[in-house]
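Labels A, B, C and D are assigned to the chains in the order they are written; within every chain, residues are numbered from 1.
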């Protein structure tokens, strides 16, 4: 299932994101995943600022990327993402990053996360933050 | 098997590497893996400069990290790595990142790479760069 | 004099751009200046890709920033810039960075640059690249 | 006057710090200044952790760099610094960054700072943190 009104996250690669090989350094994809995730959180009605107001943080438990095609400075890229897993405490997101300028799939990535409170203790959203819980559940397995 | 003379890669986390949660941003681990890899390449006798002199580059095919314990600004961390796979063209490296200040395992990571020439075409090291091939083979499955 | 059609460079601050104090790390302003400069180069008809096609690069000779008001994660900022000096080889740019979310002037910055060829030798644009020379001259002292 | 026992801050440039021109991106010098400053704070007996324990932070008021000679990946650089100004609340630091591999002065930089408390209000160290005040005064105008 995919979402019709959502405008996917996209921007151009910055000059300082390219490395000595002339291509975007692979570590920046991990940062782009975060940009896309935060953009998506805002779209589904839970901007990170709102998460923080609830006294929550969302650290990263794991991140991975398979790189398929380089992105160069000034290339436009687009990120589609899907919440593929959510159990109230942890969740996982899958990303596909496309080099729009070259019209090629650039990377397939995944990250997993945990809702924690200010002491870095897991937060049980179903019990303590039901609205947040419902929003995440409603958006499970939808491609954005 | 582990290597006796090798001094593992270590340094302190920089102030600018920590994020709004007060912990090192997860993307920096991907950069640290590169630092440790380049340090190790120098130790085994193939500094990246020598690789470049052969007309080769080593792009990243995949990278992944499982985060277990945070690292804060000024914490000292140490990275051990093992070349776990090498077929003459591609290779894989496993990393364990320890927070020495907290005496905790911080992350377990992995990356895979490919030797390519200046046109980003795979380089067959066994045939074309036998010395490089032998050095990599000699260091396979040794923990550094 | 200011330019009427130009849409100033603006975006939100990314999560990974904030540091342990919860505010955007000051080094990122230097990167934002570059983003704004490249955006402006495209607007005046000399995208960096065109500069590179001429065999030119634009290294930075100096950069400076006076920080006045912090920018936090997710704050929107806007950058206005003015080419304040150009002699055919070197040029200087002034920037004002505004925190739009807080409606405060965040920083006043300046950078100077040099056109060089692939050997990092100064390029005399008036003689060798008159079109580029004219575009820069036409946009001198105009606030964007 | 210069300090005899101090080992100046030095390290190699990382691969990911170089940009598409093959030289270290100018924004990283601003980060290196911070690395050198924190290293020096530790040497003079006021590591940043101790500053934070006093409830203080040290935001940057201004930063500037004049770039003279590039630094490439794997080049070793060294940073000397001098506290050139201190009035109890604000201070300024001057840096010279040398490319040791090329044996060339790479950049001359300066930054100014302010001691603030957790609310970002200026802290009067002479009155409230006399030990810190004295350490800074004792190290004024000494080249490290």
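Note that contacts are C-beta pairs under 8 Å (C-beta built on N, C-alpha and C of every residue); 3 or more make two chains touch, one makes a residue touch a chain.
Keep in mind it's a predicted model, so treat the numbers as computed, not measured.
Homomeric contact subunit A/subunit B: same residue numbering on both sides for over half of the interface positions. Of all chains, D has its CA centroid at the greatest distance from the CA centroid of subunit A.
The distance from the centre of subunit B to the centre of subunit D, with each centre set as the mean of the Cα atoms, comes to 29 Å.
Per-chain CA centroids place subunit C at a distance of 25 Å from subunit D. Centre-to-centre separation of subunit B and subunit C, using mean CA positions: 35 Å.
Under the contact definition stated at the top, the residues of subunit B that touch 2 or more other chains are 15-16, 27, 31, 34, 73.
Interface of subunit C with subunit D (complex): residues 21, 23, 26-28, 30-31, 34, 57, 59-67, 70, 120. In the complex of the two chains, the subunit A residues touching subunit D come out as 15-16, 18-20, 22, 25, 27, 73. The touching residues of subunit D, counted against subunit B in their complex, run 14-16, 31, 34-35, 38, 47-49, 73-74.
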